[in-house]
Amino acid sequence: MKETPLSNCERRFLLRAVQERKRLDGRQCYDYRNVRISFGADYGCCIVELGKTRVLGQVSCELVPPKPNRATEGILFFNLELSPMAAPAFEPGRQSELLVKLNRLIERCLRNSKCIDTESLCVVAGEKVWQIRVDLHLLNHDGNIIDAASIAGIVALCHFRRPDVSVQGEEVTVYTPEERDPVPLSIHHMPVCVSFAFFQQGTYLLVDPSEREERVMDGLLVIAMNKHREICTIQSSGGIMLLKDQVLRCSKITAVKVAEITELIQKALENDQKVRKEGGKFGFAESIPNQKITAFKMERAAVDTKDVEEQAEEIITKADPPSEVFTKPILHTRGTAQIGEGIENAWGDLEESEREEAAEEEGETDATAFECQKMEMEDTSIMNETEKDEPIVLSDSEEEEVVILEPQDTPKKTRTQTNLKQENTSKKTFNKKRKKKRATH
Amino acid sequence: MPLDHRRLRGPEESQPPEVWAAAAGAGGAAAAEEEEAAAAAAAEEARDPCALRPLFARAGLLSQAEGSAYVELGGGTKVLCAAWGPREAAAEPGGGAAAGGRLVCEFRRAPFAGRGPRAAAGREAEREAAAALREALEPAVRLARYPRARLAVSALLLQDGGSALAAAVSAAALALADAGVEMYDLAVGCALCRPPGAAAAWLLQPSEPEERRAAARLTVALLPSLNQVSGLLGGGQGGPPDSWAQALRLGLDGCHRLYPVLRQSLLRAARRRAAPSTA
Amino acid sequence: MATAEEEEDGGGGGGCCLRPFSCEQGLLSRPDGSAAFIQGDTSVLAGLYGPGEVKGSKELPDQAALEVLLRPKVGLPAVTPRLGRGGGAQREQLIRRTCEAVLLGALHPRTAVTLVLQVLSDIGSLLSCCLNAACLGLLDAGLPLASLFCGVTCALRPDGRLLLDPTARQEQEARAVLTFAIDSADGKVLAATAKGSCSAEELQQCLAAAQRAAATIFRFYRDSLRRKYSKW
Amino acid sequence: MASVVLSEAEKLYIVHGVQEDLRVDGRGCEDYRCAEVETDVVSNTSGSARAKLGHTDILVGVKAEMGTPKLEKPDEGYLEFFVDCSANATPEFEGRGGEELGTEIANTLYRIFSSESCVDLKSLCINPREHCWVLYVDVLLLECGGNLFDAISIAVKAALFNTRIPKVRVLEDEEGSKEIELSDDPYDCIRLNVDEVPCVVTLSKIGYRHVVDATLQEEACSLASLLISVTSKGALTCMKKVGKGSLDPESIFEMMETGKRVGKSLHTSLQKILDEEESLGTTRQKVGFLG
Amino acid sequence: MATAFKTVEPLEYYRRFLKENCRPDGRELGEFRATTVNIGSITTADGSALVKLGNTTVICGVKAELAAPPVDSPNKGYIVPNVELPSLCSTRFRPGPPGEEAQAASQFIADVIENSQIIEKEDLCIANGKLAWVLYCDIICLDYDGNILDASTFALLTALKNVQLPAVTVNEETGLSEVNLKQKNPLIIRKHPVATSFAIFDDTLLIVDPTAEEEDLATGTVTIVTDEEGRLCSVHKPGGSPLTGAKLQDCITRAVTRHKEVKKLIDKVIKSIQPK
């Protein structure tokens, strides 16, 4: 489905609002939307909501051989998917320009910033390392995908626990969560992206643009920073020219926002950990707000299954018992048999090799009388083959036509065996007479 | 990670048992292989280079395709072909609309078609064969009669017992004719190969082991009644033009000899098709 | 996990239990209909677009073309994903055909309806959770339906006892796991699929149990809808 | 394939000209256009060459990398071909437009080099079953002015001639573990013997005659052509019919003879140029891409 | 006249026949098409079978290769089934990677193998943790006229029964495996799953072994797979018209009968190629 285009008056309305420093959702220019983080029951699973934009993050791990040039480092793999759920224009499996750009940004923000200690992911140098895979799915697109995705990525990584391993000699043992508590990843710092949308060649600036605002913006500046005010990546796109002051101002705003978001992330993580430790309820079910009328919950419900046996019994006794088998398989030839006399198929049969086998066999054994004509052909063909001079072309069909191709100089002989078959119109005549004979053996 | 996620996957890598038989070194397996080679060589000597292998052809056997044909060669080569057309063609990117119809060829090898490892011949080989198939068929089809249309041929190699491409050309031509596509002539394919050795003579319709050992191979496609060569694809150890010319002559002669059989099968298919409607 | 054992105790009596259910409808702003469905710790998010513009090749002259995409949490959709046990064209096909059976597609010919199911977490009975999310998604989008349907997963323990709505571990231990889609009109079977082998008697028993459970689930549907529309 | 559209009158003009052994650019039917070849044009490859044939402009780079030999041939290295149809050559190649042509050319190159004698693959083996040299031959089409295959084969041959593979030694210590040592001297390297590397001669059938080295315009007038690869000794290693049309057998025989004749002289002049260039050594003035 | 009616109102055309308890191709509702099986015709495969169900034609070739067993179960081998519906078999399929139907069929076959334990994967292991057989079962449809699942399951079963694996021994001293290509052994087939498919017409009528045309017109399909003990190895109803438990039971009953027929056929054909 195509994206609904933005009408001119909508566009004008939005731009005018920006000029008047108003935003559709009532925010100020520098306001960030609410960030909500919820965790799944699995480790490394979270949903981040940035206003209405929603991203699902899941981290998983696998033991793999390391890359040859980095024998002592684990591998980080990021994959952001724009699920068709997020917006009608997203097609599954398509590598759109936007997707490639976002994936690169995520990689630069989370991998190239070296926020994860990859050396600690090494199990046996040069042989086995952990590959950490971060899957991010955009579930609802309401602008500023990159910020939401970067938060989801780092939150999922912080939340994730990998199985504990021990190495004894060459043996690598991976422990289940029951045997040993899984271990968290070692994370140096938490980079978070903050996006700025520019309008009117950089005259106006909005933090955390919504989807509508993104559609009318002129350019975008993304800054990834951690709470130590270290810039991890910075990228401007859209072809706007920015003044030095503007970039500096943006980085200052970023520092403030990142501090807030980092605090929120840490609080959320602590909360989840506390609940898990205390054996309380956790998972997505708990994150559904109770007061919303669109949400509904039901406690464990018992289902009465006492008399299912009787009910099943009843159905089975009522049903007819399986009937006895009447059809008898008919063997055409070695390796070919048939049951049923339903409709015939248009196929002859495929098996030249089997035909040849049969031919050889019949060449050896005595021909039965009623197949003498057939045999004649068989003999000639074998004879010819031994003579090696003439090409022999055996062909076959329901009408049992036999074409023997003689050398070019002699006229072509076509012998046709007819009648027998054609008169016999019963469905039981199978397209091979020879087969019939074999069946009677 | 460009993995094929639409098929069920097995282990990362696997080898055919033959590899291990060879790896056993001086064991019985290697000896057996040599034996086999010797036997094959002996058979080669006994073989008449001009002999054609038995060919079985049948047209019009698939219920779903507009035209279809099955060709089997004595050595076990089995090719099934289906043809459709004409269909409305998607606009060609080049915009060459006036040039007439397009012939779209597909060639697939069943994974179990070959003797060696299962995944030996990859997509590339299939695509090359498909291109060769198109080259060989295009001159036979009156494409000018089908402007802005698309004709489709797809060939499936079920078992490769040598001369597979040649069999596919014959089968595809039969299938097109069976589909009622207007053609100038049938295209008949024939393969040849030259065993290693300086004085070796070209062999007509080689079997799979012969092909494997061959120093040079050639596949020709001929439109017999027009006496025009529609396809030619060959390569290998160099030889003087005379040797190749001789091969070509031999191959063309082979095509001429196969032609009547293909015509016969087409006639039969037509007769079979006509029978139910008259009855 | 503590919950798993608890459940086993709960199911130990003659009766069977469904895990706690919860759902939320209309939680996404972009799709025309959306719903999250949570069974125990298994949860699936459904988002639905349509009826809308259809691509030429998929267009059907007499009804809406339904497309179902089931997206696993980890990796790409695959026939048999190695990690996570979502995905699979077969499941997509099953869900699509089940929805098609109840969707009155003839009312919206030459349109497309796209249903995307995102697995959020899979701790057993995933397919039935997908079916339930799909049905609530259809409901939330306000598409005309002939009837409702729900998914019920039923496991047969090695000792032959029945278990409804099993967890992942119970599924693993089970001899056979059967999943049914039951329609709300007369409790008939819309879809059925099984892992493992069982006898015809066992199949009928599971089916009967699933039909009972379906009644409970439909009540849950009704109550949640009643709540949703309580302020209208 | 990159092509031009000609009017009927233009075609007729070309066909009639060919009939008279007089081509639009003044050549005879068996004449090549002026060819320019320069080797060692890309410094970060093991060998490279650029060939210009009229308006056809080809750049070939050969990169030697260490790899594992193929299972069925444990004591040989191998060649890998990749053809990039740059959108610079013609706008048709933009996006995936050039892919089909690229694979077709690569397949043809594989076929030409499938013959065992053409490059000594055994010399590329470092130690059997474990290490060998893989030569990645990358062909880049810079401009298409007809007769791509011939120009590519000339450029490939020149690039292979120019290729220098560093010498390596296999050291074996007492425990049987092997180590590979790269020679310290950058000039200590293997050269390939390219005597047997064939060149492609494409003969295009125009009217009743055939021409070599057809321009784009001439290609538009030809229904079918025969692609022949010829070694310097005049042996044919590969034959392929290309194009929508068919050929009659007699003309194929003629074309093969012509191909052999033309191919032999092509080899002689190419080898002469390559040797000349080689003899200049480092004193040679590089032309590169600005020439 | 009849053909015109069929073209314009295909469903009504069918209903008229079904009312009389028969089908346009002359079959009764519960009747299968002629089932033909041929085994061992592909000599390059380690086992092969060609199955024709009326016009529907499916070929299955099994190729055995050697690999290291999976890490998580070192005493097992692999069975890798794949169903291909090439463009050759019907116009409804496009060339290229497998579409939804082919993927779903592959998954179905994989499920049947898994559920029925047709072969115990432990039987495929040669040396624990070191070497095991991989059976690549490639099922290719050559002519698509409906009921691909039954034909594929049948082709797979007969092809597996036809498989002859070379003897492999692991040399104790060298640790290398040796393959004796001359000595071949058949596979141990533990169960014989047989599939029976039904099409549901107008929500109530069940017809067995539907053709492609019938599948298109039907409002749903059910496939039941049973083994020789009458156990259900798969009950696959991918949506479509709702059925009652009683109807489902009727399907199972028919499937049990079908299994007996097919089993006889397999036995006969396997016996026919055994050396006397």
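Per-chain numbering from 1; labels A, B, C, D and E assigned in written order.
We take it that a contact is a pair of C-beta atoms (placed from the backbone, for glycine too) under 8 Å apart; a residue touches a chain by one contact, two chains touch by 3 or more.
What you see is a predicted model, and the numbers here were worked out from it, not measured in a lab.
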{"item": "Centrality ranking, top chain (CA atoms only)", "value": "A"}
{"item": "Of all other chains, the one whose Cα centre sits farthest from chain B", "value": "C"}
{"item": "Chain separated most widely from chain D, comparing mean CA positions", "value": "C"}
{"item": "Whole-Å gap separating chain A and chain C, where each centre is the average of the chain's CA atoms", "value": "19"}
{"item": "Chain centre separation (chain B, chain D; CA means) in Å", "value": "28"}
{"item": "Chain A-chain D separation of Cα centroids, rounded to whole Å", "value": "41"}
{"item": "Whole-Å gap separating chain D and chain E, where each centre is the average of the chain's CA atoms", "value": "50"}
{"item": "Junction residues of chain C, two or more chains touched", "value": "76-77, 79-80, 89, 200, 203-204, 207-208"}
{"item": "Where chain A touches two or more other chains, by residue", "value": "312, 315-316, 345-347, 350, 353"}
{"item": "Sites on chain D at which at least two other chains make contact", "value": "none"}
{"item": "Touch list for chain B against partner chain E, complex", "value": "4, 6-11, 13-21, 23-24, 27-29, 32, 62-65, 76, 78, 80-82, 84, 106, 108, 110-115, 117-118, 152, 154-156, 158-161"}
{"item": "Parts of chain C lying in touch with chain E, wherever the complex brings them together", "value": "79-80, 88-90, 92-101, 176, 178, 181, 183, 185-186, 188-200, 203-204, 207-208, 211"}
{"item": "Complex contacts: residues of chain A adjacent to chain E", "value": "312, 315-316, 318-325, 327-329, 331-347, 349-351, 353-354"}
{"item": "Residues of chain C that touch chain A when the two form their complex", "value": "2, 10, 14-31, 34, 36, 38, 40-41, 43, 45, 47, 49-50, 52-53, 69, 71, 73-77, 83-84, 112, 114, 116, 118, 120-121, 123, 162, 164, 200-209, 212-213, 216, 220, 223-224, 227-228, 230-231"}
{"item": "Interface residues, chain E side, partner chain A - complex", "value": "25-27, 31-41, 43, 50, 52, 54-55, 57, 143, 209, 245-246, 249-250, 252-254, 256-257, 260-262, 264-265, 268-269, 272-273"}
